[in-house]
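The structure follows.
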Amino acid sequence: MLDALREAVLEANLEVVRRGLVLYTFGNASGIDRASGLVAIKPSGVPYENLGPGDLVITDLEGKTVEGTLRPSSDLATHLELYKAFPKIGGVVHTHSRFATSWAQAGREIPCLGTTHADYFHGPVPITEHLSPGEIDMAYERATGEAIVKRFEGLNPMAFPGVLVVGHAPFTWGKNAGEAAMHAAILEEIATMAYYSVTLNAAAGDLPKTVMDKHHLRKHGPDAYYGQVKK
Amino acid sequence: MLDALREAVLEANLEVVRRGLVLYTFGNASGIDRASGLVAIKPSGVPYENLGPGDLVITDLEGKTVEGTLRPSSDLATHLELYKAFPKIGGVVHTHSRFATSWAQAGREIPCLGTTHADYFHGPVPITEHLSPGEIDMAYERATGEAIVKRFEGLNPMAFPGVLVVGHAPFTWGKNAGEAAMHAAILEEIATMAYYSVTLNAAAGDLPKTVMDKHHLRKHGPDAYYGQVKK
Amino acid sequence: MLDALREAVLEANLEVVRRGLVLYTFGNASGIDRASGLVAIKPSGVPYENLGPGDLVITDLEGKTVEGTLRPSSDLATHLELYKAFPKIGGVVHTHSRFATSWAQAGREIPCLGTTHADYFHGPVPITEHLSPGEIDMAYERATGEAIVKRFEGLNPMAFPGVLVVGHAPFTWGKNAGEAAMHAAILEEIATMAYYSVTLNAAAGDLPKTVMDKHHLRKHGPDAYYGQVKK
Amino acid sequence: MLDALREAVLEANLEVVRRGLVLYTFGNASGIDRASGLVAIKPSGVPYENLGPGDLVITDLEGKTVEGTLRPSSDLATHLELYKAFPKIGGVVHTHSRFATSWAQAGREIPCLGTTHADYFHGPVPITEHLSPGEIDMAYERATGEAIVKRFEGLNPMAFPGVLVVGHAPFTWGKNAGEAAMHAAILEEIATMAYYSVTLNAAAGDLPKTVMDKHHLRKHGPDAYYGQVKK
């Protein structure tokens, strides 16, 4: 059971490299087995090219290592806050992908300018508030997770599968690690096109709500008609 | 006969991937056999790497599936409106390519700033009007096609082989699916250079009409002298 | 003798493709044999992947085909004007490379903002004037060459190995076709960095003359000390 | 002993090519053996693809060639000033990488806008002052090194592993040539994201000091907890 989780998490870690979303050892992907409450995550600072399934670290939801001899990613505490607060998610990915990070550094949420965006995010990509000096000193990575959870009050994390951490970079999630990695790639594409759009037209704003709903729901709603019928 | 159409449409679908114009399953290409009125189109949401000629869906001009077990692309109805309104076209391609989509999201037509543009589009790349909420609710994809056709009142679709759908992305066409795919790549290049040009000089505008005509007609006019003589 | 010219010109044509400076059949490279006054140039509209040395067209300086069965590049007349006016050049390359073309479309010369630029161009990259409607109608490609030559009154073409044709794209040259291709790649890099520089700081201007001279002359002056001593 | 240095310096020179940081023969990497005071550096203007360890030039700290028959990089004197002034560094890399060079050409230091930046530079990336005409005429490359050293008065070069030379390009360093090359790649990434950030939000400024310290020190401080424990 954990073998399948390890394989899926390893694959998600490699996928963000193949998609050009990480440089060196930046970034990390994790997945959770909800039955046992165990999380598999990338070890900290290990080059992706040397990574095997046995190098992944297995922890419980409090961050205690259950299997593995390497240190888990230093962002583990952020991942754990998301798993605890968003019960439907099965994977989390963190990258410093170029355009999503640039929006985070600019301190701006990404407006929903087009249907590519609306297909995946049912509105602007949210951005967190700055942490207080106290939060940074005490438990920085956990506080980052808490800031994300706070920002999602009133938002459905399955309709907004990612967030920008202000001054830092994006986190994305999905029903498993592979979908979280796909959302990392799509968020980067959305962020790229939004950059070019707003620099072409500073007044460009959110799509009309009818179009936004139409696109999101034709893919994700109860009457979705995009893709093939699941049997 | 349909075998050749299937092969050409498959090849056009793969070409837009090779050219970096689509991410994941975004985008779709189709072609029409004018004699029988049958259209071959990519199935909805199927990964390009698994696509074979037998996976393409064959429909009639009303969108009824004639051959194939998969669902056609959700944008089929848009393609069909174009085939019905533009009798000389034989292929249609839809992508979310980065710069063309950014212009669509910015709500701006692409000015004809240079000869690269004039070689393929005999003036600015047109952009559609927004759909009404009613159109979106009733038959969104068909209404998208109708909005394109409406925008082309008074324009020759063979001299303007593509369009931006506002808040969405480009559609291109050509005498067959392969040419439609080539026009998708060229539109993206034109859109890219126009982005850099207008951000360098906000006052940059259309080429003088004499240059625009010269370039378009040396390639496409009755006395064209670009390329080799067709035997 | 012409065999070596054919090989060098073919290689220059392929080099601009490998460097990502051309899309489809855009662009062309030529070279001249000064002893015989014969020019080898790419045929018009032939895909690069099929190009062999025997496909190149050999013409005299008046543009009359001396060897070859294909039509020469439609830009031949521009190349010929450059060979006639600039006796020290041995090769010419024309591309629609992305950033150089964007400056041409923006109608701006490229300021000499840094030492990368000064290493190759001893001042701003010049841009031509617009052609008159009469020039466009009569002999467009020759008039383009004449406009370049006119812009170079008072400029040394060996110290400024390229130009932007306004609303069109760059031409570069060098002592042979290979060097002209290298200058096409370097002009594109200079144009790219200049774009990012002026959008970061609209007031950025030419380097101080002392630095510009220092860099240009340490590479190209009589006391050049860059690179290895030629034996 | 020098064999290992040669191999490491060769590898650093090739790494900056693989990372897309240099075009043609631009750029150079060196390393120092502190015990003997000998420096290995790339020869001037030699194509990277032909470079072997035996082609590297070995000089002393005064720039006198000790081993090798080729001329050393014309930027050697700049490297030597850095080795003399910064006793903890073991490698230096110079590139004309696109975005870092654009900031240098724009004459702006790179603000510390995010945690990616703070992980490597403990504040803005510094930029040098312009040289005087006298300095340029007399000993340009040495004066460039002196200008860097002057800019670092009061700054720890191990906490700021690189600099922008105004109107020119970046230099980076590290505990050896390999780390200097990694810092060249990371500086380019930081410069890229800073470009997009400030063009999205001209008012974007440095991270709060608490976050900057937190990120820099979790990776580099005495209580660092990023990566695996060194044994």
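The first chain written gets the first letter, and so on, giving A, B, C and D; residue counts start at 1 in each chain.
Here is the rule we use: a residue touches a chain if its C-beta (ideal position, glycine included) is under 8 Å from a C-beta of that chain, and two chains touch if they have at least 3 such contacts.
Since this is a predicted model, take the numbers as computed values, not measurements.
J.: Can you grab the rotation angle between subunit B and subunit C? Superpose on CA, round to the nearest 5°.
T.: 90
J.: Do subunit A and subunit B, two copies of one chain sequence, contact each other through the same residue numbers, with over half in common, or through different ones?
T.: Different: fewer than half of the residue numbers at the subunit A-subunit B interface appear in both copies.
J.: Which chain maximises the distance between its CA centroid and that of subunit B?
T.: Of all the other chains, the one whose centre lies farthest from subunit B is D.
J.: Taking each chain's centre as the mean position of its Cα atoms, how many Å separate subunit A from subunit B?
T.: 33
J.: Measuring centre to centre with CA averages, how many angstrom lie between subunit B and subunit D?
T.: Taking the mean C-alpha position of each chain, the two centres sit 46 Å apart.
J.: Mind pulling the subunit B residues that touch 2 or more other chains?
T.: In subunit B, residues 198-199 touch at least two other chains, as defined above.
J.: Please list, in label order, each pair of chains that touches.
T.: Contacting pairs: A-B, A-D, B-C, C-D.
J.: Mind listing the subunit A positions that touch subunit D in their complex?
T.: Answer in residue numbers: 23-26, 43-46, 70-71, 74, 96, 98-99, 101-108, 130-131, 133, 136-137, 140, 167-169, 195, 198-199.
J.: For a test of understanding, state which residues of subunit A touch subunit B in their complex under the given definition.
T.: Interface residues on subunit A, with respect to subunit B: 113-116, 182, 185-186, 189, 192-194, 196-201, 204, 207-208, 210-211, 214, 218, 225-229.
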